[in-house]
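Below is one structure. I have some questions about it.
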């Protein structure tokens, strides 16, 4: 930790700060500069709240040197973590494709679309049963009935199921019926929910928040791992920017950053990122070229009548075509799909 | 609702869209333009998912005309709502001041600071018992013990208590011991939590999300009201911008916008907005001049040893001085404080 | 153009607005809604300042239907524009690669690096002679001497040269010595500079502004074309977001959007977008997969001693390796490189 | 300057870095941490490009300690700078009000409105003769004719004139006819234009860029001062955020930050910041309460027919009312208006 001190600080105040820091078992190296002095601190600085050090009027600035994450940090865990979902490995050579409708709309619908995406080449089935909607008057999902419909579609197709958990009080339902628990973008910093899924051993697909930094996202994964669950999968779904021609802005640079800084796999969601089915294919191919471990894509067989997000849903035939092109790109970068 | 159609659409597809819309009991007015045609729709468009209309390849754009909020909307409820908290009225002539430490650190600490802010002129006591922290290794709050300490401080000082609820499973504890339930910025779109507090009749202080629009914030209030709770208070606490010299950017234009579009009161949090105690006074005076119904300010008597956020905490004497200056501004704009 | 009127408007005011609009030769279609009335306007709405219509107290909202760009618009110019630079075609089947150092540091340096990037497979040479720097104390470029050094490197290697013009008063120097004039991100809305390059027939590489929308970027191209210059090439170089682990955030969805809405080619700058040489290769491969017409990449043979931006510069051997991988991706998407 | 080194760095590479730094006359203090080592550098670090140090693979991070601005820095110039404009002092006790239409539309219009704002209490006249417009088809201003109309309005009313310069080639016209040269938001990092006005001694009103940080803004002022012009006035006009209900987001915290870090005055533009005349009064009162040295406000006597920005223009009578309320707030904070 680096503390920058104002030159106007009087000697007594500086001495008081030194004593305070030393009483916390920190070693101080002082560097005298032209306009500022600097304290370099070594020791267990994690226990210090830097914003309280900053409250000291003689302090100009406080900067942390070390990364604030440990369990997720590749520095302390150099090998890739591969998450196993009913035998399907996320983070290995094969790029895993999750596909399905935005929302489960009926048992028939999800079973039908599950069959279609299986045929087109998907490895897993997605579909929302609990839907976080901006408006209380919009369709809120089929809830438990939707979860049971997903379970039934899995039984018929063999596709493992990924779906969003919005509230810790439904967690038993998810543990029993679901293969990957999704934490949605709006709940990325719902710390109690992170702790709750951290106490299970279910794989967790952790979406990046709407306007969160990668560091905040990594810290959300650290929350889950700090409760014992090692099966965390990052999912980039676009961030909010000023752009209005797309729903969000897909940030593909996260792929290499997540791989450099953590040991966990990362999946890309081109559907929410672009919000426009016409952009999903090129975003998917780019994600594969950039090194993604998986894709999660919205597929619907009647998008103009979808209960939600029709604009970003591919029809099954377009999805199948995407898979074929994706395979060729995957091969170039040494992966399979 | 306004649907813009591409000129390249063939007549059959246009006819199919018309029939689809008419089957939903919508009346269509067609406007033929030079480069686009436009359908103006009248009827219950709330039931339509505009992003699914947009999935239709002949559709270029879909725009809503009406505001998506009803219960919160001043158009349908022209009088100001005044929220009564144990006799203290928020949204009336008096500007209400809530003050206290970022976190409850001990029973002694919160009782002591409660006495100090009471003496300086505060109307209510703030203090976090459940703390949403970016890191799982940072202080997470005293939890239930903290709630009981707040209740004890209230007993000694008479100050009503406002504190953050992070998870619906603690709601009974809050109903029993707390006067205003705060929903934090990171939970502004935790829709299940919004529904949970909506089912109570406790006043709710609804903080604006880190990077949320005013419309999304108003819709979060609509969630609470749609469950029956009419006692919603907006709280602006700064939004995330590119600026690094402040923690967040305080958006004071929200005050008049919230008052124009809704009938609910609005409180300003200059402490989180600026993140710097040196900026809190000027931000507070500006908020009063701009028409705020209240302030929520962090006060700590030993900021450099605060468990969190010392950098933005005022010492009691500076807080008292702020109150005095604020009174003079309040008078100019026809309020009291 | 769609004007939404408040229901509270009195009849006389509405009549005055109608007469005002009709006096401008606009045809009005009125749609009576439940909470608002809507005027759909047909005619030459481009002459209307929508923000002045909005000044009318009875108006709730004004929305444009038509796209504000004409010359750049694919709707009126369906065929791809291919920009010819000394025989090299940008926007055709071949993906064009521009490479070189951030800044021209000496005649020897730029000639040496020109040779290195030529050998590695570059089609053109980049290098800044006039440098827009945040600090007046940072290296401002070699200016005219740098332009002459670039011209000399071109003579030795045959590589056409692209470099940034910061001020219209240097334009003759650029017309004479440079093959593509670059407009930098900070000057994207320097309208007088846009008009100046619009009056030439030199190809213009138009970088997207730091925090500009795609529509604003397209309008900047419209400025150039409206003065007569048809040789505009878009260049995405990342936009400012909250992310701190990268310098900017590369937005690859722009590729398909620019191609759908305009007829002009688009080039990607992965170096400025990521700010980190370790991320340049994966960003480049992703850009090719997403359909880019070209890449502009910073290459330096001694990055740790570069006068600027060493952190994002590839060494020549890494650049050569990138080109090889890029070729394989290009082939998959039906291009060459 | 603080350089953080990876623990994986081998000794030879570290030694090479040390020698390189020492050859630049920098003194190094080494701090050995648990996960990283840190070099604290003292000496003339301004000459180092930190992004090139970062290119070294053994370097994890580079952070600057000192502020990058000198001439503008209050640390080296503790007294307030007061800019004198024809005897009117900006930065003193009196809050200075500049008012007038967005654009000069005719000689008659600007003379008439000049008289109206003078009567209402304005100290200076604003009005655009050269207009930076997003579209080349929008009104671009009356140019030289507009400048002469402003000069004529000044002659009739005695009000000094502030107007925007878009291109250095018009600078003589401005030196002769204008009292304050405005640099617009889109040109805040048009460094050649900054240097050009820096070579004059005319007062410069430097608007903050659309999405620029305060540090970048201060550095733009440093550019002007580094050429010799000491008469720089900052002008906050709102920054771009995700919010759609306002045109921009007014950041009033800049007032105290500019005053703490620099010695220059700061003026607030509530018209562009909010984009809505209904919000201008409350924003202006807030700005005064927060400590602004001046206001620049758009006033038009027929906003619905304004050539531009009618939506944010106050009518003269509303402007007069604002001035009266502002006076009362100014008095409370120890200023006059």
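So that you can tell them apart, the chains are marked A, B, C and D in the order they are listed, and the count of residues begins at 1 in each.
Note that in this section contacts are C-beta pairs under 8 Å (C-beta built on N, C-alpha and C of every residue); 3 or more make two chains touch, one makes a residue touch a chain.
Just so it is clear, the structure is predicted and the values come from calculations on it, not from any experiment.
J.: Can you name the chain that lies farthest from chain B, using the mean of each chain's Cα atoms as its centre?
T.: C
J.: Count the C-beta pairs in contact for A-B and for A-D, then report the pair with the higher count.
T.: Between the two chain pairs, A-B has more contacting C-beta pairs.
J.: What is the distance in Å between the mean C-alpha positions of chain A and chain D?
T.: For chain A versus chain D, the centre distance works out to 38 Å.
J.: As a quick test, compute the distance in whole Å between the mean CA positions of chain A and chain B.
T.: About 26 Å separates the centre of chain A from that of chain B.
J.: Would you please write down the residue numbers of chain D that are in contact with two or more other chains?
T.: Chain D, residues with two or more chain partners: 211-212, 240, 242.
J.: Okay, in this complex, where on chain D does chain C touch?
T.: It comes out as residues 20, 46, 49, 51-56, 68, 132-139, 166-169, 186-187, 189-193, 195, 210-212, 216, 219, 222-223, 226, 240, 275, 277, 303-313.
J.: Would you pull the chain D residues touching chain A in the complex into a rising list?
T.: 2, 4, 29, 31-36, 38, 40, 42, 61, 63, 65-67, 75, 211, 240, 242
J.: Under the stated contact criterion, what part of chain B meets chain D in this complex?
T.: 211-215, 239, 241-246, 249-253, 255-257, 260, 273-274, 278-279, 282-283, 285-291, 325, 328-329, 332-333
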